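In the two assemblies presented below, chain A is common to both, partnered first by chain B and then by chain C.
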Partner chain A sequence: MRNKSVIPGFGLTMGFTLLYLSVIVLIPLAALVFKSSGLTWQAFTEAVASQRVAASYRLTFGTSLVAALINGVFGFLVAWVLVRYKFPGRGFIDMLVDLPFALPTAVAGIALTTIYSQNGFLGKPLEAIGIKVAFTPVGITVALIFIGLPFVVRTVQPVLQALDPDVEEAAVCLGATRWQTFTKVLLPALLPALLTGVTSAFARAVGEYGSVVFIAGNMPMKTEITPLLIITKLEQYDYAGAAAIAVVMLIVSFFLLFLISLFQKMERS
Partner chain B sequence: MKKISRFIRDFLWIVGSLLTVSVAVLPAPARAADPVTLFNVSYDPTRELYADYNKAFSAYWQSKGGGAVDVKQSHGGSGKQARAVIDGLEADVVTLALAYDIDAIADKSGLLPKDWQAKLPNNSSPYTSTIVFLVRKGNPKAIKDWDDLVKPGVAVVTPNPKTSGGARWNLLAAWGYALKKFGNDEGKAKDFVAALFKNVPVLDSGARGSTTTFVGRGIGDVLLAWENEAFLAVNELGKDKFEIVVPSVSILAEPPVAVVEKNAAKHKTADAAKAYLDYLYSTEGQEIAAKHYYRPRDAAVAAKYASKFPKLNLITIDEVFGGWSKAQPKFFNDGGVFDQIYAK
Partner chain C sequence: MIASTPKVTESLFVRILLILVALIFLSLVLIVPLVTIFSTGLAKGIQVYWAAITESDARSAIYLTLTAAAISVPCNLVFGIAASWAIAKFDFTGKKLLMTLIDLPLTVSPVISGLIFVLLFGAQGLFGGVVSWLDIKILFAVPGIVLATIFVTFPYVARSLIPLMQVQGNDQEEAGLTLGAGGWRTFWHITLPNIKWGVLYGVILLNARAMGEFGAVSVVSGHIRGMTNTIPLHVEILYNEYQFVAAFAMASILTLLAVVTLIAKTYVKWRTGEEQA
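What follows is the complex of A and B.
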């Protein structure tokens, strides 16, 4: 603490940090737990484990997982192309990756629904070959892939940049096949970053509301995501029930954050 | 230099964040009492209506020697707006879609008395609306009445009753029709409504979302809509694309208004707030409502605009359902009729 730091005053900055985190994060979360604590244990389990809510967990976590895994594969490819090749328009593509961060999610949702609905630009030909996208879990997955892409690319990219291509060349010189170079040299170095990215994308997807609610169609038991059920509870002024589901989501988020920090530790060691 | 500039940047960032937080958290300082500012918290489709009405009221209030009045508006889903008022949004008046939402404000916050609905004429609803069908030009599926909506192959678009006030009226209107048809047999009414929702391919979260799905994306054969939304869609988007079908029976939707008394007392706007709502019942107020396709209560104004609003048999929520306080839990809360028709 005694070394010269850029920002003066450990006490002052720590004070800011604690106040800031309390106001922004801790107090709202405490209020959430407090609201749901008004429920008896039975009412709590009823609120968080009814048939309909259980169906929404399956949908939310299932589509989020599929979307995160797809992003794991294709986000890695995008990062690879952006780091390892020089080509005209690379800067533009690099910028494009951040678009899902910057775009309001509702805009993304409306745009995706327009494109993928049965009369849309992509939805029509897909419907002709028997694939329905909008208003099905497939559509939800598409929206979640869209919002999750930057997480994977932006975590893998710096690690890949730091990785010297010489190491791969050395591996090849020592007689490794392409597959061996990939699995024995590249993947171990990249895995922690890739896992961090995939988990972040997953965590983001689990809580996503704005873009999904348009493309989901919100059919009970089929395409209702968990955040939507929180909203429906609020519409009947069931604050405690809404808070109860939110607490479950909160616990899941904490678990995911724990995983992310674990992967980051792996990356550093 | 680089370190210093970074320090300055970080410092400004911290100060900026703190300012943002404090501005958001601290109440705005009270302003001078003159001119009067009224805050009207309303629901989504009334945007155009109140934009017009506020101008007219402001002129009226000044002509009465009331001084300048500035009406601020907030619009959103009816339930969401009610929750905002309960949580402390300081509305002087609320003009919402359902009495149930104002009941919730009275129950949970005590900002207005529980008998608020008796304070103004006609259940505190200065204008009414109803649910009609919007179909594509030429009515290719020959949709005439509620019976046609349960036929196989007809796609019906409505928002989700769990999240949309308008969609609750849709379901209740269908239920009311089925009760009449089957001689008050609730089991058959439930089957009817279940068959209707089987024909619904997508349940948007709000009324405007459903209009977009039907009008913009070309999904569905018929849209269940507020009468004023249907008129808006036909007049704004083309008489050559859509037409309105009026069913034999529909429901009388009474969007209620109320002064949020404790807030108005605190802002010293009680007189202006009351006059603001009273003026809705005047000939001028009724004319403005009619122009925006809300059915006027005033007999003379109603007669003048009779050609605009087709006659139909209207059931009311009080007669058939015993009011919102009974209808909401029975139909729309968890485990209610709407949940039952989707549960296996």
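What follows is the complex of A and C.
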């Protein structure tokens, strides 16, 4: 099992780690699977695939995908600008990128709702040109862009930093234009990191609650996200139904985690 | 690097254009919300702002948030150090699996993180009978809030320490032990000074998440005013009651915490870089 080592404390630290992990994480998560296994197959499929639930999946996955793709473009741009160019305020911007990690989701939620509501700073001009943001899927997407941005920037940035400038110089020496160098040399090298970042942003968005619930409007079939539906089921004391939807979400999370680990393997090779 | 290879960069026009687009995007996404929080909170003057953050429900929300953080930070700190010691200092089979399991709480939706404790301790929950027989309250009470907070902040310290301790290796500890220092002494005098910035980094992130958690805590809290409301939950209640100024005043406390967190995080990262260089 373990190498012979003079370092002490394996038994103590490992024992405590496993005990604490079981009590805080594993047993509670097992309760989820246990509770939903109490349902018959028919009741389970009914709980996880009824019309209202299916509508919430479409909304949640659709808005999460759009937000992740937008973050893919702008997050990449932000990482590029931060690594490659010098401009006043760069250090400040670099620090600020992590704001969505540090700002509590509920605070982000009420701030975005205020900004994009009918009388809000951005909501008013957008409304004037006929775009309603708050209480529509567009608003949900805006919140998910906020939440997901640092995931893309922080995965692309270190890889871009570590890129060897020789490769670019070689491309230039061989007569490539700047655009050709970018699409043929840089982009392929950065693609795994970009995919990792976009998938991480997507995975976070799918489960997001706090920042979305204020701006969503929460209309069944229209602007009701899946995490909110779990809470609705709980409030109706439908514990098994809530657990069943949660199990589906958990399986999706595991699948996304698996995808991310594949992209990370690509990155290393 | 950029100055020495002028051939492999974009024209000045493209550079300025890209910087501008990035700055406009970041202003819309990050700076506008930040300004909105403070401007709305202070919209009716400093006195209204002060009253909103010092009234009794606000005070008890602040107190509960501090309590939840004061319990979950040390718990997960001890766990994080123990787990990274076991993982970074020893080789054993199943290490990858263990690391994946430790990261699990980060991949679970906050709502599900709360739900699992309702399923355990709720009236129809697995341990619901035991809990009511013992006549203790876990759900819709402080213990439930603390448990949910510990769950969502579970991996932070371990995640920041494991890679750091793996890079540092065992040489220094082995030297200390060979020279006759005991296990604890080696840990206090050799390991801890080496990982202190990593520990601090993890604790900063852990604390920010503990004080700001909304989804998981919302599911287990029961939203009893003055009793089981943390600051984020109090913000929600005020907002839903259209008390926007008070809601944003409370939100501004959490925003200040976030700003302090970002600055502290940047400082610690810079210090770690300095020490490694």
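Methods note: the second predicted complex is superposed on the first by the 245 of 269 C-alpha atoms of A that agree within 3 Å, B and C clash if a C-alpha of one lies under 4 Å from a C-alpha of the other, contacts with A are read in each partner's own complex, and residues count from 1 in each chain.
We adopt the following convention: a residue touches a chain if its C-beta (ideal position, glycine included) is under 8 Å from a C-beta of that chain, and two chains touch if they have at least 3 such contacts.
Please read all numbers here as calculations on a predicted model, not as lab measurements.
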Room on chain A for both chain B and chain C (clash or fit): clash
Touching partner for A:51 - first (chain B), second (chain C), both, neither: first
First, second, both or neither for A:219, with chain B first and chain C second: first
Touched partner set for A:237, first chain B, second chain C, both or neither: both
Partner chain in contact with A:119 - chain B first, chain C second, else both or neither: first
Per-residue contact with chain A, leading partner among chain C and chain B: C
Touched partner set for A:178, first chain B, second chain C, both or neither: second
Touched partner set for A:135, first chain B, second chain C, both or neither: first
Chain B versus chain C as contact partner of A:165, first or second or both or neither: second
Contacts of A:258 with chain B and chain C, given as first, second, both or neither: neither
Which of chain B and chain C A:16 touches, first, second, both or neither: both
Those residues of chain A which chain B touches in one complex and chain C touches in the other: 6-7, 16, 20, 24, 110, 114, 214, 228, 231, 234, 237
Chain C to chain A touching residues, read off their complex: 1-2, 5, 7-10, 15, 18-19, 21-23, 25-26, 28-34, 36-37, 40, 79, 82-83, 85-87, 89-93, 98, 100-102, 104-105, 107-112, 115-120, 122, 124-126, 147, 150-151, 154, 170, 173-174, 177-178, 183, 187, 205, 208, 211-215, 218-219, 231-233, 235-236, 239, 244, 247-248, 251, 254-255, 257-259, 261-263, 265-266
In the complex, chain A residues that touch chain B: 6-7, 16, 20, 23-24, 50-52, 110, 113-114, 117-120, 134-135, 213-214, 217-221, 228, 231-238, 241
Residues of chain A touching chain C in the complex: 1-3, 5-10, 12-14, 16-17, 20-21, 24-29, 31-32, 34-35, 74, 77-78, 80-81, 84-87, 93, 95-108, 110-112, 114-115, 121-122, 145-146, 149, 165, 168-169, 171-172, 178, 181, 203, 206-210, 214, 227-228, 230-231, 234, 237, 239, 242-243, 246, 249-250, 253-254, 256-257
Chain A-facing residues of chain B, complex: 3, 6-7, 10-11, 14, 17-18, 21, 25, 79-80, 83, 104, 108, 160, 162-163, 201-205, 209, 212-213, 216-219, 328, 332-334, 338-339, 342-344
